[in-house]
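As written, the chain order gives the labels A, B, C and D, with residue 1 at the start of each chain.
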């Protein structure tokens, strides 16, 4: 495919403000007043409170501010001064800067190519500095998209420290988040800690059903009438991280395991693409083992 | 069914504020400050702008205010003073007061009974002062729900003025909105004008496909693979009013028209129930021929 | 509601033939020839083979045969003679005879009333000789449908033998299958054995996720983005029986457990109604822990 | 992408038999006996009758027959002799031979690349002898899949005869069916006649809603809550041909026309891919303006 890609759908002079913490009267008013006095014009605003009394408050505001870059530090200082008294956490993101997304893959290409294709179409506000795979079969496809491909073979045996170290050398400092696009290796907690950026995985079942290996075979054995896929943040506990998105497709008694895999692949790439877009657009807030998706 | 109904899910000391008009900087801040100074604690807030520059702004805020009833007039006065300079329209609704919903029906019972059953379950913040039908077959069912049933036969011929006048006498001043639950009579513009409250209809197709009579027969003739239903506000133009909600269900070559009707009935009652709930909860804002649904 | 019910959608002079067993060449031809020589005109025919070589074969044929009742024994004799050499099992059902369906319920009315309403509409080829509940709140509703209601209170403690014995006295010989319409009591294997007819349950989750009690609470805790319901045949192992039908609905971070219950109730009644209709129409074949649904 | 493609999922020694015509007793038996005496072992069998008395009968049988090629003529002769007396039409297809599929495209790549990618994965029993486009932007992508790309520019003005003639020279005799993968030129009836093979189009709306140009803009203007796509056989009447498959996706008031296009593109490629697979697998029977899809 052509390396000529559409520009990522970044937004010049737009920022995304995420606020969360204990709900209490006056937060919305304080944030809105802050934006007004900093010449920010609100484009979208979403908020959620788990309970107006004693609950958790979450807000996402996208606002336009001429000459945002010049004013960024000033706005941050105002946010710190304004929101600290409320005990709130906040994060201000410049939406003119695409996030740097690395993709880890194995032999399957459906999730990998769908992400690269959507990136090329300009659907994802990201750059893709690299794809790493423990196999080589997708190298040519990846490079045709103008994306560097690195081959890091899996280590035999349970100790993955050498291959993880090799991947960390490639990733460290170069990426803002990592996507496991049907990467079929277990990731160690140590790797996650050292990596220090969010990792999104696609699991090929409707979690918490069919945790672990071979979910389509398990689905066939149980005789379910729907199969699904789940995109989630990776934590040390396999398939237990916060869920970002899920979807299902109807199947019948007549579908073989191979047909479940083929039909499931369509759900996997759709679910992962949505989750990646939402993460890249700062729409997902993690709260314990949950996500707030605005 | 038992007339012992759950209380409507009204919210004591809660109000819903709808604001809409030309978008411009400072609206969110002004509204939030107003609520803060009137001791309103925001429970949910949704907003939408068709374009931050020169577009239309829509906001729905639900807030809690102790002793709301006593403060209601004061808050309204503040809203008028605050929002008039922005050229904004607003509407403040006391969510402790259920809306009065009349249902017009014909022989079909699926939409009618689903609304009455949801009302009894406490899913709809409404009261149901009356059901009017041009047939009598549902009278016993309706009254079992503890709801008055009135029979107003259709007039033969195109002139419906006498039957419409009889319905208007029943409805005038007694209802906040009217639901046409598969009411199979054309409603005149004059009736709508005199009625003066919103009217919601369920059309048994996926509009704008199959406008008018016999949509399931038309769907069979066209050989579609999905059939649907559409809930919309009624205007003088048949099936052309603002759409509130739509949904579809998959069908096959093997489904007869009777089977399309049966399967479509399930979609109709689901779509109408959602639209009615959203309207009753003040989630729907009409803007020309469109709806904003929060 | 009115006790005047539409007749069950039974089919005079129509029979359903189910054939299953080891697949081998010639079965279809033998069955088709048998029907032809017995003056049966095939209305629908569905078949499935898990593997044409060494797999299991399943076939469902609905055929019309004038004066079916008179010829029934003769056709059965021919089936025995024809299919025995193939080592096939078969079952011939007269579709002019509605199945007798008992419903067991607790306090929730959504599944119970939907089944009774669909029965009254003529959507289910069943009669409903009785509803048994361990509570009394739905008695009036049930009787308004013209259906007998029996109250069998639950026994305190783990031993349910007395209440199960009371239910068995009511059910024995009077029903062809039993539906647990959100019946919140564990059923013993002994009860199932003595009952001797199929039992269909609706579980309020997407099995095998959230087996056991309180699935909506567990779904909230896990932070899933879809909730579901599963209709299955009851076996001694809780929530492990053959699945007949499943479906899901999208939810968000903002939905409380109560809202999951409310939205899930709509999925439950839809899934259960479909499963019951398919069972009553002889569309479901059990094979080990799986179902073939034609 | 790599030109190394998986083999098309063809089935050695398997044939597909389509039978249709006036329903009457004995057809199924006659066909089954014919297959048995020709040593065909039935793998799948689907049938549909619009009415067992006086209706139309449709049957699709896939069967295995060792040394099929050698026996093909013999089976055809038997089919002619057997089915002629019933007045039935039939078609026997050797499933070991992939269908030759040409794709016509314009600038959009989503449907085109999805078909090429599924072909490479081995999901479609086809070969792709050529892609023809009236633009050149997809040439490199297409050739990377190992598929010939031909550029046939559109003619200005309403007369398309020269460009159609050029396409016919490329297509004639070389293809078994043609897919319009968002090909944005009107096709003349004369072109269809001369081409003489089925043509499948993807229309970017839920037909019959939004026939013709700019359906996403029309959908936005009408304010629908779902958008869709429709795959259909092309006839002389624009967007009026027999529908093969349709699907929809939920949208909101907040989606711009550009967002509808982006989300609709996902539905388009999914719907077209399913329709193409079903056509290639001989699952679709045209009957007037309808399709039977087995």
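Rule of thumb we're sticking to: a residue touches a chain if its C-beta (ideal position, glycine included) is under 8 Å from a C-beta of that chain, and two chains touch if they have at least 3 such contacts.
Predicted model only: the values in this text are computed from it and were never measured.
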Centroid-based (C-alpha) most distant chain relative to chain C: A
Which of B-C and A-C has more C-beta pairs touching across its chains: A-C
Computed distance of Cα centres, chain C from chain A, in Å: 42
For chain B paired with chain C, centre-to-centre distance based on mean C-alpha positions, whole Å: 36
Residue numbers of chain D (touch at least two other chains): 48
Residues of chain B that touch chain A when the two form their complex: 25-26, 28-29, 31-33, 35-36, 39, 41-49, 52-53, 64
Complex interface listing, chain D residues touching chain A: 1-2, 110, 113, 117, 121, 123, 137, 140-141, 144, 262, 266, 270
Of chain D, residues touching chain B in the complex: 48, 206-210, 222-226, 228, 242-248, 252-254, 289-293
